[in-house]
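Naming follows writing order (A, B, C and D), and every chain is counted from residue 1.
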Amino acid sequence: MSRTLTYREALNDALREELDRDQRVLLLGEDIGAFDGAFRVTKGLLADYGEERVRDTPSAPGTIVGMGVGAAIVGLRPVVELMTITAALRALDQIAVSAAQARFQSGGQLSVPLVLRAPQGGGHQLGPTHSHSLEAMLLAIPGLLVATPSTPADAKGLLKSAIRSDDPVFVIEHESLYGTKGEIPEGEHLVPFGEAVVRRPGRDLTILGISRGALTALDAADVLEREHGVSAEVVDPRTLRPLDLPTILESVKRTNRLLIVEEGWPQGGVGATIAALVLEQAFDFLDGPVLRVAGAEAPVGYSRVLERAAQASSREVAQAALTALGR
Amino acid sequence: MQLLRRFDERAGELYGAGQIGGFLHLAIGEEAAIVGATRALEDRDWLLTTFRAHAHALARGSEPARVMAELFGRVGGLCHGRAGAMHLTDVERRFLGGFGMVGGHLPIAAGAALASTYQGRAEVTMAILGDGASGNGVFGESLGLAAKWNLPVVLVIVRALGGYATEGDAAAASADLQRQVEGLGVKALTCNGMDVVDTQAVCADAVRIARTERRPVLVQAPTLRAPTPSPTAPRAAGDREQIAAWKARDPLALFGDRLVEVGLVESADRARLQMQVGAVIEQAVSFAGRSPHPEPEALYEHVLAPGGSGEAWRGFDLRGTSRRAEAGPHPREASK
Amino acid sequence: MQLLRRFDERAGELYGAGQIGGFLHLAIGEEAAIVGATRALEDRDWLLTTFRAHAHALARGSEPARVMAELFGRVGGLCHGRAGAMHLTDVERRFLGGFGMVGGHLPIAAGAALASTYQGRAEVTMAILGDGASGNGVFGESLGLAAKWNLPVVLVIVRALGGYATEGDAAAASADLQRQVEGLGVKALTCNGMDVVDTQAVCADAVRIARTERRPVLVQAPTLRAPTPSPTAPRAAGDREQIAAWKARDPLALFGDRLVEVGLVESADRARLQMQVGAVIEQAVSFAGRSPHPEPEALYEHVLAPGGSGEAWRGFDLRGTSRRAEAGPHPREASK
Amino acid sequence: MSRTLTYREALNDALREELDRDQRVLLLGEDIGAFDGAFRVTKGLLADYGEERVRDTPSAPGTIVGMGVGAAIVGLRPVVELMTITAALRALDQIAVSAAQARFQSGGQLSVPLVLRAPQGGGHQLGPTHSHSLEAMLLAIPGLLVATPSTPADAKGLLKSAIRSDDPVFVIEHESLYGTKGEIPEGEHLVPFGEAVVRRPGRDLTILGISRGALTALDAADVLEREHGVSAEVVDPRTLRPLDLPTILESVKRTNRLLIVEEGWPQGGVGATIAALVLEQAFDFLDGPVLRVAGAEAPVGYSRVLERAAQASSREVAQAALTALGR
């Protein structure tokens, strides 16, 4: 049995279930209450759970995250929404130091079961300050778990697992996926961290897609099959820390070729990291270089044309795959 | 004000029609505050504002056609389609833009004032912000340092009730906020943000104080924004009462009526003005519609300074092998 | 106070001798403020402080031996050598630590108070900070939200003149700062930070108000820190006059003399106390010296929660191939 | 003709020369005046240039950087010192958005000739909040130039070039290098951006060292020569944006093996980025995987032992080199 929900509804579902299950869970964020959240993810939660548990905050990212850290240390399980991932840049000291290092600094005395949520990426011309993709910066931080759900089912299952995690977690949502629909298993649906999924089996090469990149990879795989008779395997890591490297390596050792699709900036990116890891651990299995199709080395422009130019398109991914195959 | 109003109404329609994308934060109801504040500046002064930038650009004198073209994301736009409504900039008019991050422009405004002062020029920098931005720490940090360093900055808080986002007690000027900033050594004034004459007078006073006494000044301008559900559905909405309540305070109507009352304007002139404005806007729309979309490659322009050593970087892997631009000059050449 | 003083003097020596590393921010001169403030708390209350953390840990009752061992970077330290003086934590005493980033602990304190209130416990959270931290935006952000949400937080600003870092007008309590926070809806008090009795009384009052009225309270505690050039050369320095001027206000001397005057303590007891404290500190030093250094592998402990799915990550490439730990369990197993 | 100066003195020299040369240059930072700077880099500048040009600021990183951006836009060339690179995490929205995107967002109308300086890295047990190495996070940001001087001469030459750049630049100094001595050419000494230097020629493999990693690589090269008869070429990129990839590729195409040494976190690191770039562009020249010796996937502990364990040591680098050579 399953239901069809949007990514947005799936997240709302996850929050409701965890709010029902665990009194320690409470939500903090700008306009998450009366306004239902900038992207309507917290729709109806203020009415149903009250202002003790669903708290509207001012636009002060550092302080909101810091309060989440303090509340988590003293026994709660706060879920903090930031209106845009760019706001996380203002709170990065609280994220990278207070949240991610408290356990370490205290020699294990403190625990920070905090969840941060924010939308990233482009798609609706939000322009240079509301279209960043920052998974790589967050992945860099030891002590911080990072999830990048690309489907409604994963959005629900990963957010629920995140809320139950004793480590701080950043759940990176994608601004242009909120409206996408998908099947959600009935009842308790948890997606464990560190478990990649093969979205489409294939023989000729592996395409690894991060966040929305997983969907771009699937589209590209269709094009490759239809127009070029190429069989591409599509892998979605789903969480970046922990990263399910074994599943990625298994796939690469079969197909001997890897292409990584991400929307973030190419330098210091997730693609570069995984390319380096695979290179180090499966060099002898690689028939060619690991290729990356990343976001542009530029801010995301407002115009539809410039926004698209800043993102990885399925056409480009298909083209890169053919390059990888020496075609 | 007429211009801002009609422009916003038209932009709202075009947003609905998909000609304009992204977030479009309308300023319907804020016209008196915006026009009054910006009219208090001289040409040599600097202006910064929030994501609600297109209205401020118009108020500062930017060409409606180039503003509309920017909203269309076209080459003819002030920023060639890179900025959209939230990040509009027009340096010729010393309008430093449109800032998407709430409060992010406040330290930049203080820095601009520092540069003017340092270079011995009696320019004032004005930053317009929403009440929400005063909840962010940069507000106090920037005002505090501006006071300590005697910087001529004027912050105008448009306290807008109605519309998107955490409102605080936006309805009225806040006595608490006044105490806070006075504690920072900042002069605080209040005006009626629904009355363009009063706003202009108070802001002119603020600008004078900032310029002559070399100190930061805060002006609180309470306004009532037209009921708007959100920046993704910007056309005026809200129930009958809300709209009626707002109409009763519409700054344009009030100002217009007053001009007629005191005999400064004939109702006939008023109608003519409206027609002229309408014509200007239609010209802007058609200019925007005719302006070409940028080329995809344009994305890489203006990322780094032309001729700077950074440009060499462009030659090397901008986005993974498959996207690699043609290898440019060796950095050793480029950086010479 | 004796304990803090002798501990700091000894730590300063050991720092010079290379037994203690990093930055060592001494609290000589702040003893009355620190002891007075922390004595105002009950055991159930929470305490957070700055990088000047070892003195606060001692004041909160942490074992001197385990504090000294932490300064030595040994396994016997409260944080097993991970924290050093700046990040000391002792959760058993509800001392949440030592925060290296100026002001970084203020929102965390507000969050702790939120958790207590949410869970229906009448605990108060106290955060001690320096005057410098009040110049950062998180100060106002945290107090503002604490006031809005009725959170029982007490912030004690030790306005220390002398020593390292931007002092502001640290000498005295700031009337401006008082206006600022009152504008945020915060109750503001002042005490004599060189007088432990007065500090304790005022802070106890602040804690009572926070606990019963459920609101944030700010206490300004002006102090005179012993002349110290910097945290990398922490032993008291400065010219003769400075030192003489400071000695004349030394909070320990004043308090000690007073106790003797009012006949509460015989000078003999005073001498005995000093000997006892000296003995405790020597025991701490020898415990620290005997405690082993951590193993290099310990670096990877407490990075992530034990048994959490994150641990699986440890199996894979922690720092590039050459450093790769033995491949751990497959995440699929670990995350079950 | 040349003089021997410490890294700290070389930076001070650069600031003085540019303050003398260009009235538009002014300095902002915490305790850079009366206190001479937390690491004494600005020693004597307040006395010699006055408080108009050498300005002590409160501990408000975001606002200080933002003021630098505004002052740069309106015609000055501010040099902002942050006491520790960790403070940059509090200012990252001003760095990544205001400073690095202003030119782009305005369609080229605005220019931000701003220099940011901060020390990073470990060495003196400053503990988990004052020992971060964040070059990778900064490298990720398009529009921001990044320099990582490892010698006094480069510290001076790169800082002077940075102050003259029309792009915002982050000059990443290393906390444990301030006291190191080196020869500085007399007179005007500018080091261009985007020009790597081969610190030691070699045949058997290339070791690329970032920031202090370049010195670690040199020590390792000595060990390799002395104890194993291995001839290692050591390359120091000196700037990460622009990156002198041609020089790196030339070297790798000769030695066919690459090892990268960095102190930052391994995931999303500079090493991973360069590994991916080299893999993409010189795959056929590689006789083995590109190896990385990075900082630990953990915060930097305070204890001397834990601090060392978090950093790349020359022994480990030498060991990794032997692994790369299959020895």
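Descriptive notes on the structure:
The criterion applied here is as follows: contacts are C-beta pairs under 8 Å (C-beta built on N, C-alpha and C of every residue); 3 or more make two chains touch, one makes a residue touch a chain.
Just so we're clear, the structure is a prediction, and the values are computed from it rather than from any experiment.
Averaging C-alpha coordinates per chain and comparing to chain D, the farthest chain turns out to be B.
The pair with more inter-chain C-beta contacts, choosing from B-D and A-B, is B-D. Taking each chain's centre as the average of its CA atoms, chain A and chain C sit 37 Å apart. Between chain A and chain D the centroid-to-centroid distance comes to 30 Å (mean Cα coordinates, whole Å). With touch defined as above, residues shared between interfaces to two or more other chains in chain B number as follows: 79, 81-83, 87, 99-101, 135-138, 141, 144, 303, 313, 317, 320-321. Counting only residues that touch two or more partner chains, chain D has 57-58, 60, 62-63, 86-87, 90, 93, 97, 104-105, 127-129, 142-143, 241, 266, 271, 277, 280-281, 289, 291-292, 296-299, 301. Across the complex, chain A meets chain D through its residues 62, 86-87, 89-90, 92-93, 96-97, 100-101, 104-105, 127-129, 132, 136-137, 139-143, 240-241, 264-273, 275-277, 279-281, 283, 288-292, 296-299, 301. By the touch criterion given at the top, residues 26, 52, 55, 57-58, 60, 62-76, 78, 93-94, 97-98, 102-111, 142-143, 145, 161, 165-167, 192-195, 239, 241-246, 277, 280-281 of chain D touch chain B in their complex. Interface of chain A with chain B (complex): residues 30-31, 35, 56-60, 62-63, 86-87, 90, 124-130, 260, 266, 271, 289, 291-299, 301-306, 308-310, 312, 316-317, 319-320, 323.
Across the interface of their complex, chain D is touched by residues 46, 77-83, 87, 89-91, 96-101, 104, 106-116, 118-119, 125, 137-138, 141-142, 144-145, 149, 301-305, 308-313, 316-317, 320-321, 324, 330-332, 334-336 of chain B. Partner chain B is touched in their complex by these residues of chain C: 135-141, 144, 176-185.
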